[in-house]
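In what follows, chain A forms one complex with chain B and a second complex with chain C.
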Partner chain A sequence: MLEIIELHKRYRSNWLTGRGHQAVEPATFHIAEGESLGLVGESGSGKSTLARLLLKLISADGGRILYKGTDISGYSLKQMRPLRRELQIMFQHPHSALNPRRTLLDSLLEPVLLHRIMNKAAAREKALALLDVVGIRAELLPRYPHQISGGQIQRIVIARALMLEPKFLVLDEPTSMLDVSVQAQVTQLLQRIRKEFGLTYLFISHDLELVRHMCDRIGVMKEGRIVELDESERIMERPQHPYTKQLVNAFQAFKQ
Partner chain B sequence: MKMSYRAAAGLLAFVLLASLLAPLLAPYDPNQINMAQRLAPLSSVHWLGTDTLGRDVLSRILYGGRVSIVLALAVTLATMLVGLLLGTISGYAGGWIDEAIQIVVSIFQGLPGLALMLAIAGTLGPGVKSLFVALLFTSWADFSRVVRGEVMKIREESYVEGTRALGAGHVYIIGRHMLPNLLGPLIVLFTIRIGRVILSIASLSFLGLGLQPPAADWGVMVNDARPYFRSYPHLMIAPGLCIAAVSLCINWLGDGLRDKLDTRTEKEHSLL
Partner chain C sequence: MSDTLMVIKQLDVSFQTREGLVQAVDGATLELKHGRIFGLIGETGSGKSVLGLSLVRLLPAHASVSGSLLYKGKDLLQLSPKEMRQIRGREIALIPQNPASSLNPVMTLGSQLREAIRAYAGRTGSKRLNAQAAGLLHAMNMPDAEQQLRRYPFQLSGGMKQRVLAAMGLAGSPSLLIADEPTKGLDALIRVQVTEMLANMARRTGAALLLITHDLDVARVLCDEVGVMYAGQIIEQGPAKELFAQPMHPYTRGLIASMPSRGMIPIAGTAPSLTDRPAGCKFYDRCGSAMPRCEAEQPDLYKSAHTEITNKETEPIDGTAKGQQAAAKHKARCFLYA
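Showing the complex of A and B:
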């Protein structure tokens, strides 16, 4: 479904001397339709940058992105627009995920109104149906983001993404800022939705247990490089790269 | 809203209305010289007395408010528009566009305000026009700095990136997501600035760069009254009090509006 070839990005801190750091080393991998690919690695390892590169939210220095076989790396903002419906992203921080000055209803309707897919009444109906799916009561809709909990916001964000009927969803540590009990609920919801709507996930996290649980394959990132990418079970049972071994061992030790 | 905000809004509305209706309310022509009645004390004929040329102080205050307030509003609005435009572009675009704009901003911030105003007045000749240009030139830079900072802060919020991921254009993001969130800080800035502009107009008029003496203006009146302050303090106190009251009310009102506009503090304030 999505294929990445030699995609890379460097951040320059000084444009005179050209000093900077390589955020993402040339990365090559693919995500199959219906698959869930996990990306693990410590903070600053380039997971989020890589995800934003492949959604073209930030521009890459080089490399190609193939979506359903078409090279979209050179697409302009306008050319990307129809594709934006199919490619969505969910962020880590619930408190900044929604505009604080808009009601939840406004935020929910925004995607379809922006794309002019349906009128307001139809959009409202669809929103109510999706709220049912994510388990949020309709009474919350006139409220503002600061008036509901982080878990509720993330559910709203999921419903908002589903409004556009996406095919591919990037989940950038969607549960890391939530309480453990809420984390489990949101994780379950994400799994259910994936089946129900036939979605493809790129799941970013630093929680190996969670990624193993959620994903078919796992990519391990360190210092901007994907050091190992394999099926989840194989990564957990027979890690090849020293860094992966270290991660898996630390995780096993923590479990006992 | 709390009581103090209502009181401030009420007083401000009263002053504005009185200024606008000055031709109807003023008992005398503000520029009518009457040497027989010069420096008259407060009385039923001249409620606030008369000045050195026998002009009725109350009438001059009513007319003077029009100039001070209207000019201050116009200058502040113009400053805000320029600052908002350049600050938003600078903060939103980033990169070399930001750097180029910031160089210009730094130059303007580095220029000594008074010297620049003198130069402008010297070229354009004293009057309302040069006042306007001088105040605009010396204050837009500060405004744009603050706006830039706020825009940069909002740009990093997830919902802005999320809106980009929805396929929204820059104009949509700035208009629908940035400006509404800028409103709170802007109103506070506006009120702080307008109070200062009223004072600036007064001080520039004192230097002979702004409004010229026959005109009825609060700043001009304070300066006219300066030599007589010891014997006839009411000549300075009346317009001085107007300047202070108006700036104070605008500041209070700004505080109230900011709290009202900020959805996050809504709850806390309803408890007060």
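Showing the complex of A and C:
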């Protein structure tokens, strides 16, 4: 579905060292349709930058992105617009994901109205149907984000993404700010809608155990480089790269 | 017993708000001991941070607190603000939850650390102060401690800020350290580092550590004893290894099952609002083994039926008889054990 070839990004800075920082080294990988690919690594390893690069939310310094066989790396903002529906992202912090001054209903409807896909009444109907899918009661809709919990916000964010019938979702640490029991609820929901709507995921997390649970394959990033990419079980059972070993061991340490 | 440092008895904390009375902590009773780590686990809003703050009397003025906080025989709730200031930081230190907002963004780490040291140790020369500050950072495994002193909080990662806060907490060599979510938002490798550092600190200095966390792995590996909080109450309490191996309360069992490494099976429903808590067991609506009496009656803390058996099975850790004396105390607030 997505093919990434030699995609890279360098951030220039001169305030501290006068030098730049290679956020993402040339990365080459693919994501198959219906697959869930995990991306793990420590903070600052370039996971989020890589995800934003492949959605073209930030511009790459070089490399190519093939979406369903078409090279979209040279697309203008205008050309990207229809694709934004299909390629979406869900962010880490529930409290910055929604506009605090808008009701949940407004936030849910905004994307469809922006894309001019349907009128307000139809959008409303669709929103109500999706709320059922994500397990939110319709009474909550007139409320504002600060009046509901983090887990509920993430459900609303999921519903908002589904409003546009996406094909591919980047999940950027969607549960790292949630409690374990809420995390379990939200990941269960994410797995259910993947099957129900035939979605493809790029799942970013620093929790190896969680990624193993959610993903078919795992890529391990360190200092902007994908050091290892393999099937989840193989990464956990037989890590090859020293850094992957270190990471797997850190999780094993908590298992005894 | 001589190794007991603080006894918290029937602690209640409530807040009067526009939505009604919020009962944040309800009848919490626990003991903190020298060189031991007590883990307080629970989810957002279960009251664990409020409990932590109440021990250093840092709650907002509209909080009403009752019960007793016996620290070395003195009830902290009876002390004057001035007497409390002598204890806070010097004897009982708090490592606050949010590393990003707990440091002053316009002061260097060095000046913030020196300020902490001066507050507890009195006047000393600036060279000595600097050396002490660097020494504290060094003890936290911070690389290039001397250089770090000249940096500002924004130049540090979350894990490093966390370590600076821990260093500040240790500046007064406290005998009780309260760490509120020290591993929140840290990635795997740093999580291991920070937790090991705190454990070593407690063992080395003989201080008691109250570790407030929602990270169950950290609690299990690190703590000697664990209390599980739900809707303001400690609903289960016991030695860490036993509590995780044989959880008693249905909520604890559900919490453990929802960990990624245990299959991530969620608990149905959500926690009750603290303004409108159920009359009986607080977990009643979500509980798979609820009985009719659970709805109206409030369960006490009941002892585990397995205590006798596990007593023999638990091997003493660190060569003490801890396994034994602690096992006797595994109890849960649930009628299943009545």
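Keep this in mind: the second predicted complex is superposed on the first by the 252 of 256 C-alpha atoms of A that agree within 3 Å, B and C clash if a C-alpha of one lies under 4 Å from a C-alpha of the other, contacts with A are read in each partner's own complex, and residues count from 1 in each chain.
Please note the rule applied: contacts are C-beta pairs under 8 Å (C-beta built on N, C-alpha and C of every residue); 3 or more make two chains touch, one makes a residue touch a chain.
Note that the structure is predicted; figures quoted are calculated from it, not measured.
> Here chain A is shared; do chain B and chain C fit on it together or clash?
fit
> With both complexes overlaid on chain A, does A:Leu55 touch chain B (first), chain C (second), both or neither?
first
> Looking at the overlay, does A:Val180 come into contact with chain B only (first), chain C only (second), both, or neither?
After superposition on chain A, A:Val180 lies in contact with chain C alone.
> Quick one: classify A:Val134 as touching chain B (first), chain C (second), both or neither.
neither
> On the A-aligned overlay, A:Phe91 touches which partner chain: chain B = first, chain C = second, or both, or neither?
Touch status of A:Phe91: first partner only.
> Return, as a multiple of 10 degrees, the angle whose vertex is the Cα centre of chain A and whose sides reach the Cα centres of chain B and chain C.
80
> In the superposed arrangement, which partner chain does A:Arg81 touch: chain B (first), chain C (second), both, or neither?
first
> Looking at A:Asp207, would you say it contacts chain B, chain C, both, or neither? Reply first, second, both or neither.
In the superposition, A:Asp207 touches chain C alone.
> Which partner does A:Ala250 reach: the first (chain B), the second (chain C), both, or neither?
second
> Please indicate which partner A:Gln188 is in contact with in the superposed arrangement: first for chain B, second for chain C, both, or neither.
A:Gln188: touches chain C, not chain B.
> Touching A:Glu110, do we find chain B (first), chain C (second), both, or neither?
In the superposition, A:Glu110 touches chain B alone.
> Between chain B and chain C, what is the shortest CA distance in the superposition, whole Å?
Closest C-alpha pair between chain B and chain C: 6 Å.
> So in the complex, the part of chain A that touches chain B is made up of which residues?
Chain A residues touching chain B: 52, 55, 57, 77, 80-85, 87-89, 91-93, 96-102, 107, 110-111, 114-115, 144, 146, 164.
> What residues of chain B sit close enough to touch chain A in their complex?
157-159, 161-169, 172, 177, 180-181, 263-264
> Considering the complex alone, what residue numbers of chain C touch chain A?
43-44, 155, 157-159, 185, 187-192, 214, 216-218, 220-221, 254-255, 257-261, 264-267, 270
> Quick check: in the complex, which residue numbers of chain A touch chain C?
Result: residues 16, 42-44, 149-151, 176-177, 179-185, 187-188, 206-210, 212-213, 246-247, 250-251, 253-256 of chain A touch chain C.
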